[in-house]
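What follows is a group of structures, each given as structure tokens.
What follows is subunit A paired twice: with subunit B in the first complex and subunit C in the second.
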Partner chain A sequence: MTTRFLIYLLILLTGFLVGLYNFKKLSSPYKVLTIFLLITFISESITRIFIKEFRNSCPPYHIYQPLQYFFITTFYLSYLKKSTAIISWSWVVFALFTIINLAFFQNVWTVPTNAMLPANIAYVLCALLLFKNILQNTGEQPLLKQGLFWYNTSTLVLFTFNFFCWSFYNVLLKTKNSTLTLSDITYVLNMQYYITTGIAIYLDSRHKQNE
Partner chain B sequence: MNNNVSEIYVFIFTGILLFGILAGFIIFFVVAYYKKQQQNSREKQLLQTKFNEDLLNSTIEIQEKAFDDISRELHDNVGQQLSAATIYLNLLMQEGGQQQNTKLQTCREIISNSLQDIRHISQTLLGDKISQVGFIASLRLELSKINKLGICRATLQTIDEPLQLDPRKEIILFRIVQEAVSNATKHASGSDIHIIVKKQGEQLKITITDTGKGFDTQETEKSGIGLINMESRAKTIGATYELTSQIGKGTQINIVL
Partner chain C sequence: MAQNETLSVRRIPFYLFLILLGFLIFYVYDQVRKKNHRNSDPVPTQAAPINKETADTYITNYLSSQDSLGDAYKLVTKDGKTTLRGFWISRETLKGLDESIRKIDKTANIVGYSVYFGKTEPYDKNKSQALTLVIRGTVPGKAGSNNAKVRSLSGGTDEVVEDKGDFYDSTDPCPERCGEPEPQDSSSLRQQP
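So, the complex of A and B:
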């Protein structure tokens, strides 16, 4: 287990503990995010066991992908009320698509990029819609003190770059150095995402406390 | 190999471009958000000011209506009864002897004075009367009433030319001065009250000075409803209101319209 991975796990755990400590004070979407951090922490920990045993970390991601989709879209569902029906149906469609992909296209030992790419597009769309929503309903609270702004920004950044990087994945696989770069970028992006998620959870608990 | 390198360059270039677009989007969003927030805040403030103005206008209207009612009641009811009493006294005086007449005469004078006072009060309370008689004439009447009471010595220094004022503004200005004079008689007993009304170009300047005991303006600001009323009334007609007072050195109020 590398130091980098340990730091990554520590970030996930810290975010989850911040959420757990303030769980009662959190609004529902941030409670969802707290559980999501725990699921991610468990999933990432399991990948290490798979690497150790099978030299492949892909199997847990086939389960993690639909879970991640469910949790992130549930978070957005709380704010994008007009898209409730679309998001609810997309859970069923995405779950079916993941099963079909696993059965016929990308087996358990392959990275489920076919599932990741449409999910990334969905997250980016949700983030853009939420930005529009935030702009239409400006409150009195400063933007930079809003957890929603921080989480939404990090979602937009992570999943735009994720989509971009995984689109180039096959090209970059051809050169060893480049995949190393891709792995670095993914790590940095994921770390910023989970740090920001932790900050968003903290800001929400503070906001609720002040209310 | 060359193909791979060019693809990596495309990857890096697209990555930088994407980063630039995202950064630009976020900056644009933050700026747009703050602009919208400021606009909302301004709109809210405007609505609040408009609401306060409407509320104040309604209060003033209700107050004026109450004054009018009291004025009419004094004039038509109490005034009529006192007039009737004077007529009866006159009849009694015609019937009575010399000694009795002296007492009746005194009685008639008291009632007559009371009747005059009531008429004065009635006039200063009636908004229509103030605009009909005029601001300066109403002020003179008010000050003569104060002087008659003998609590303070009130003087008025004014321009001769008639003031071309909107009747509503005239009433409100008069109410401000009335409140200031009333405050001076209540809190600065025995002092001199001096009112100056003058024109400075297009502006009308009214200064009310008293030589009373003065007060701490910061202390009174918290509780002085009369002072707040004067300031609010001045605001509704677009006048500036300034109050200065020092303990032991009297009070001065400047109103510029």
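So, the complex of A and C:
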């Protein structure tokens, strides 16, 4: 395990522990994020076991992808009430798509980029819709002190980059081009995303406490 | 009533999602289990441990048969005079062979190594029987696929194992790199005219 990965796991664990410590004070979307951090921590830890046993970390990502989709969209579901039915049914569609992709296109030993791409589009759309809501309903609290604003910005940045990154990833691997730079940028953006998620959870707990 | 409808709209997809997730987990588990099973399934071989006496006998038999041959037919080391006893293969070589296969297929089931005799120079240029080895890693053959009958270096075909990855040569003949001394019987035999 590299030091970088250890730091990544520590970020996930810290974010989860912050959420767990303040679990009762958190509003329901942030409780979802806390559980999401735990799921991500477990999934990422399992990938190391797979690397050791099979020299391939892809199988856990095939299960993690629909879980990630479920948790992130459930978070947005709390703020995008008008899209409840669409988001709810998209869980089923996405799970079906993941199974079809796994069975016919990208086997368990391949990075499930086909599943990642529509998921990334969905996250970006959710983030944009939420920005629209935030701008339309600006509350008393300054925008920069809102955990939701930071989390949403982070989601928009990470998944916009991820969409372009995973679009080219398998092609670059096939043509034996180095994917290291793309991986490095994704790594840093992922860390930034989970740090922001932890901060957003903390800010929500403080916000509820002040209320 | 309206609230109940909203709840059901959220619940039905949620339960369907859980069912599909369960199926997905089982499918991934099944695929990984199959791969794991394949990886732990060695290709049958007749190779088995032998005791030192048997090993010494085999080596002595070989060396005495070499001694009975004329100089033109003897297997020799690069100097063209010393009888070739064998080769030493470093662990780094085997690791390198493994890694070259892993570059092609990260989850490849490396079941063994093919070792072929080779000669660095053409016979018309160097008539001595100074041999080298050409080594390559092997994975199970893919019966039924396009690679079912893979041509080996010797020209034969094999459905059980398939060579894969880089080729390595052996540059360490015995002598000089010998881990095991020459059997006593053989040396006494070879000293006789």
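Simple rule for what comes next: the second predicted complex is superposed on the first by the 203 of 211 C-alpha atoms of A that agree within 3 Å, B and C clash if a C-alpha of one lies under 4 Å from a C-alpha of the other, contacts with A are read in each partner's own complex, and residues count from 1 in each chain.
Definition applied: a contact is a pair of C-beta atoms (placed from the backbone, for glycine too) under 8 Å apart; a residue touches a chain by one contact, two chains touch by 3 or more.
As the structure is a computational prediction, the values presented were derived from the model and not from experiment.
When the shared chain is aligned, no partner comes close enough to touch A:F71: not subunit B, not subunit C.
Shared-chain residue A:L143: touches subunit B; no touch with subunit C. Of the two partner chains, subunit C is the only one touched by A:F54; subunit B is not.
When the two complexes are overlaid on their common chain A, residue A:F168 makes contact with subunit B while staying clear of subunit C. Legend: residue contacts after superposition of the two complexes on their common chain; A:T153 is shown touching subunit B, with no touch to subunit C. Residue contacts after overlaying the shared chain place A:L96 against subunit C, while subunit B stays out of touching range. Judged by the touch definition given at the top, the superposed model places A:T84 against subunit C, while subunit B stays out of reach.
In the superposition on chain A, contact of A:F131 is made with subunit B only, not with subunit C. Using the contact criterion defined above for the overlaid structures, shared-chain residue A:N107 touches subunit C, although it does not reach subunit B. Subunit A has more of its residues touched by C than by the other of subunit B and subunit C.
Looking at subunit A, you'll find no residue that touches subunit B in one structure and subunit C in the other. Residue ranges of subunit A in contact with subunit B, taken from their complex: 131, 134-135, 138-140, 143, 153, 156-157, 160-161, 164, 168, 171-172, 174-175, 178. Residues 53-56, 59, 62-63, 66-67, 70, 84-85, 88-89, 91-92, 95-96, 98-99, 102-103, 107-109 of subunit A are the ones touching subunit C in the complex.
Those residues of subunit C lying in contact with subunit A across their complex are 6, 9-10, 12-14, 16-17, 20-21, 23-25, 27-28, 31-32, 35-36, 39, 102, 106-107. Partner subunit A is touched in their complex by these residues of subunit B: 4, 7-8, 11, 14-15, 18-19, 22, 25-26, 29-30, 32-34, 36-37, 40-41.
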